[in-house]
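Each of the next two complexes has subunit A plus one more chain, namely subunit B in the first and subunit C in the second.
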Partner chain A sequence: MSGFVPILKRELLVFFVTPLAWVLVTVFLLVQGMHFFLIVDHFSSQPATVAVQSPLQAFFGNTVLLYLVLFLLVPPLTMRLFAEERRSGTIEALLTTPVSPAAVVLAKYTAALVAYAFMWAPTALYVVILRRTGDVDLRVVGATYAGILGIGAAYLSIGLFASAVTRSQFIAFLLTAAVMLALFVVGIGEFVAREGSTMHAIATHVSVWAHMNELASGVVDSRRLVFYGTLTAVPLFATTRLVDAWRWSGT
Partner chain B sequence: MIEAEHLVKRYGPKLAVDDVSFSIPKGKIAGFVGPNGAGKTTTLRIVAGFLGMTSGRVTLAGHDVEGDPLRAKRALGYMPETVPLYPEMRVGEYLAFRADLKGVARKERASAIERAARKAGVHDVLGQRIGTLSKGYRQRTGLADALVADPPSLVLDEPTAGLDPNQIKEVRELVRALGDGHTVLLSTHILSEVEATCDAILVLAGGKLVAQGTQEEIARKRRSFSVDFTVRGDPEQAAAILAAREGVARVRRGGETDAICTFRCTWRRTLPDEEVALATEACTRALLEAGLHVRAVHRTTSSLEDVFGELTRADDAPTGEGDA
Partner chain C sequence: MSAWKTSSLVGVAAAIVAAILLNVLAERRFTRWDATLAKRWTLSVATRDTVRSLPEPATIWVLLAPGDPLGQGIRQLLTAYEAESQRIVVRYIDPDRDPLGFEDARRRFGIEAGRTADGRVVMDAAIVVTMGDRRWFITTQDLLEVSEEDKGRIRRHEEQALTHALRSVQGGEKVQVCFTEGHGELSIEDGSDLGAGHLRDILEKDNYAPRRVDLGHGADPLASCGVVVVAGPRSPFSPTEDERLAAWLTKGGSVLYAASPVRAPGKSTFGSDGLAASLAAFGIFADDAMVVERDPERILESEGVGVLAEARPHGITAGLVGEREKTLVPRIRVKAARPLSRVPGDVVAADLVVTGARAFAIRDVRPRPEAATGDRDGPFSIALASERPRVSPSVAHGPRLVALGSTGFLSHAAWQEPLADRGAALVTENALSWLTSRPRVVDIPERAAVPAGMRLTEASRREVRDYVVFYMPAAALLLGLAVAFRRRSTEGRSPAPR
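So, the complex of A and B:
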């Protein structure tokens, strides 16, 4: 894996010295803060609902806001990774050093994942706040964050692949958002399709909404692990092949 | 040592590089010359391992570029034609990143950067953001990057492109100095550049290597296009005699003092090389037989530019790929 560490370090450096990161972090935390405030406000005005679901479950589970936030977060994190290097030609300098395509892909991916985790990290404060006023099951919190990381890992992997497909960051952004939207829309089929039909089975399997709802109530299903594991590994593998193929197709 | 054997690169039906073989011994500087689109950049990219080859074999310091790419790349310092750099990084940061990528050990990194920066002349801008550098400094940053891991082989694609005359001179001197210890392969479309810096010249046209050798060897390929006759006697008569000879395209008169006149006799392009000498003899004999006195016969030599033009013109049209 020669080359992994220096590329990872550079990607993180670039991420945190450009305004993009701080704009993203700011907007992200503003949205999440408002979201959290609304939920807490809702629960405090209607204490009876706590019996049905906990505030944390509402925050991560039964809400569309999480996906809106992911739309905001994932495509900007991944769009430049390869597209920019190809457009500016730096990919030529990068790939003529002793690095393997797998190391380049994994380093860029890891950098995006670290940045993603960095953005979510401050939301752990909400858990701290909730613990001061009530009981919070930390295993549920763990399952929830594992879900956030898993979904993020899969989306970021798709985003990385989209960034390697085109030289345009904008197209990479749109492609990533389109795939995320498609997965989400198919997932909605869970509520629309007739129960027992194939469509319903597929929809349930890919429904991010349902998955997060499950995880936010502390249920960790191995099928979900396999699903997100596959959704992460396949694009990563495809990206590695693509980077390798540039030697023949040209960048 | 940089070696290429029967290198072929095909883009669909197009042959971008057609059976190119060369060998540059350790410590020598070789220069690729050729018109735009001759396949120089494509060949260099293949040597650097950035492009795959359709067939053939390239070795850098004994390591096969295809079979053992990591080791081959470790032996290589490559400066791409466009000198791609990350504008948001500082020069020092960039060189540290590149040294790290190329496997320079952490404790040697600072001295490696210092040495490369000094050689390439960027030690005074190490703290500056690359995006704010002038073209000359960007070019030199690219050179410093190629040198930072002190590799045995260097491949430089148009190292002086876009520089001003002073910078060109500096870069040439730097490249010359690299000659001891490094094997250098560079490309250029400026002929005086190879004359000034290279031990060996590789002339590329239409993807084919049309000539290779030392400057002297290439110079020997120079065809004489004209002969100067210095004649004492009636100039009009001499001019008429020369103009009437077969193979003579035109006669130009010049350098007349008293009755001594010099005529530049240019041969027809269609005249085969071996008949130029015979035609020269015939002209001289005709002048003597007419009772004129021949003081000097001087075969003019063409410049390297003429040879280059001659070598690259005859070939089929460039493939259109390579320097894009």
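So, the complex of A and C:
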């Protein structure tokens, strides 16, 4: 895995010196801030009716806004990773260095994951605010953020693969968004399909809404670990094979 | 295509297939961990024992929408129940999205449902647990309790309610509520506004078994009764019947007595109902008179026979005492009430509902509506509760009696009032709960209470808004601008010599 750290550093530097990163962070915090404030406003004005769930659960678990945030973050974060290098030709130079394809893929992926985690980090302040106004179960908070990281890890992996299959950032963006949209649509089946049917089981298995509801309630389910684990590993493996193929047959 | 590319494609395809198989296996055999500090989703030993020892399949019908916050918690908990035994079958019916399924369940279980102003379906049972032909209803009030006394904290009883229901449908006897008959009482078979048919439905939904009983027949007609309801007799009980009831009460029975003033046949005065001995054992006397209200703000009907009464603090009247301006406290509207009073003795009855101070009680209907010589002045108690010492240390409470001075407390009309005027119905429901006073399921530990909602002042709310909507995004923007300026200022410069 030699070469992993230099590539990771370079990717992080490239990401954080571009205006795109800060625009993303600003818009992300604005959307999340408004969402959080709406929930706080709702809970503080109707304590008896919303008491059966915690504000934290409402923020992370009971909303489709999480999808919006994922759409906002994941495609822009990953679209550039390989597509831009292939378009500009810098990938050739990278592939001639004594760095394994796995190291290249993992370094770029880790950089995207770090950037994703960096964007979520300020939302920890929301937890501090909630602790000032009521009880917050920090173990549930931990499970929730682990879930956010796990879901992001899986979607970023898909985005990385999409970036590797095309030279166009825009197409990479669209491909990632399309896969996420497909998962979203299947997930909606949770509410449409008949309870107990195979379709319902599949929909629940891929529904981010259901998974975040569980995690924000403090339930960690092995099925979700397997789902996001495989959803992360398979695109990473496919990307590694693709990068390896470029080395021997050209990009 | 080169062999190398083919092997790569095969490798990726194999990885996808392996991933799908792994997910299928994970779906069939999974583990859930409870990350909450209070172990909210971990079933107690008592519940696990109950679920594992179910003699036959139990079906749990959840009539809550998937988006309902209460339903989400129930769903998580029921997954844990299902994991303990294959004899637990859970059926979810979304009242909003599956109207046919909901209508079927509504008819099957006799559930009453209505729609709120925002279109949501609300009903008088959130969960129904069935085993064979036995069923047990769980309401949202059974699942959680929000207490203003406990600084607005919420206490969850979901596990207690579900486990209690599972135990109850395994053949546990329901408390029998016996309605006396033969004296012109309200009939539980009468579904009209003036009947007690609606009360019977409510009792069944509250997991009681209502039935009729004739005190004049059989050796021990009250043997299996948990509570006896005397619902507005229009002719007097015989001394033998009164003695039977009093004897049953001294053995530990409880009675809900509701009686409006009834004119004696052929007279202008009010007659007795013949239950003086039973009432006297609880320090209560029902006067053969009728309350007339003079206060214009408390008069509901012409000539003052409908009164607006006030609740006094007691377990039965919780939620009915307080200032209406601050919270929604339902008003107690009562028609044709008779005054009740305390009689000296070893038991002191507690006031539940009283009239205004300007009310008076008439004994003769002729010189109306002014008070005549011999009439009493208010305020009058029109609902009293009393409890005698326990007859044995093993029972939860002693014999109890709630006396209501009007049959209006029990009639269908009381439940048809808008919520703001449904105080009389709530008194009756609470009185029945107090009389039966089911003990909580003690072998399932109570969960810690959690704060209900958020307590924020207007200033704090604004502060939160400023921080999360303005300051945090602005800080990110400023940081980005700083990076951009720094980058621009260093662009084109050669690196500093080392």
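Note that in this section the second predicted complex is superposed on the first by the 246 of 251 C-alpha atoms of A that agree within 3 Å, B and C clash if a C-alpha of one lies under 4 Å from a C-alpha of the other, contacts with A are read in each partner's own complex, and residues count from 1 in each chain.
Going forward, contacts are C-beta pairs under 8 Å (C-beta built on N, C-alpha and C of every residue); 3 or more make two chains touch, one makes a residue touch a chain.
Note that the structure is predicted; figures quoted are calculated from it, not measured.
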Which of subunit B and subunit C A:Trp248 touches, first, second, both or neither: both
Partner chain(s) touched by A:Met79 [first = subunit B, second = subunit C, both, neither]: neither
Which of subunit B and subunit C A:Ala203 touches, first, second, both or neither: neither
If touched residues of subunit A are counted for subunit B and for subunit C, the larger one: C
Partner chain(s) touched by A:Gly89 [first = subunit B, second = subunit C, both, neither]: first
Partner chain(s) touched by A:Val99 [first = subunit B, second = subunit C, both, neither]: first
First, second, both or neither for A:Val17, with subunit B first and subunit C second: both
Touched partner set for A:Val234, first subunit B, second subunit C, both or neither: second
Residues of subunit A that lie at the interface with subunit B and also at the interface with subunit C: 17, 248
Residues of subunit A touching subunit C in the complex: 16-17, 19, 21-23, 25-27, 29-30, 32-34, 36-37, 40-41, 43-44, 46-48, 50-55, 57-58, 61-62, 122, 125-126, 129-130, 133-135, 137-140, 142-143, 190-191, 195-196, 201, 205, 213-214, 217-223, 226-227, 230-231, 233-234, 237-238, 241-242, 244-245, 248-249
List of subunit C residues in touch with subunit A within their complex: 2, 4-5, 8, 11-12, 15-16, 19, 22-23, 26-27, 30-38, 40-41, 66-67, 69-70, 72-73, 76, 91-93, 97, 144, 146, 152, 154, 450-456, 460-461, 464-465, 467-470, 472-473, 476-477, 479-481, 483-484, 487
List of subunit A residues in touch with subunit B within their complex: 2-3, 5-7, 9-10, 13-14, 17-18, 88-100, 247-248, 250
Subunit B residues touching subunit A - in the complex, by the definition given at the top: 45, 48-52, 69-71, 73-74, 76, 78, 80, 82, 84-86, 88-89, 93, 97-98, 100-103, 145
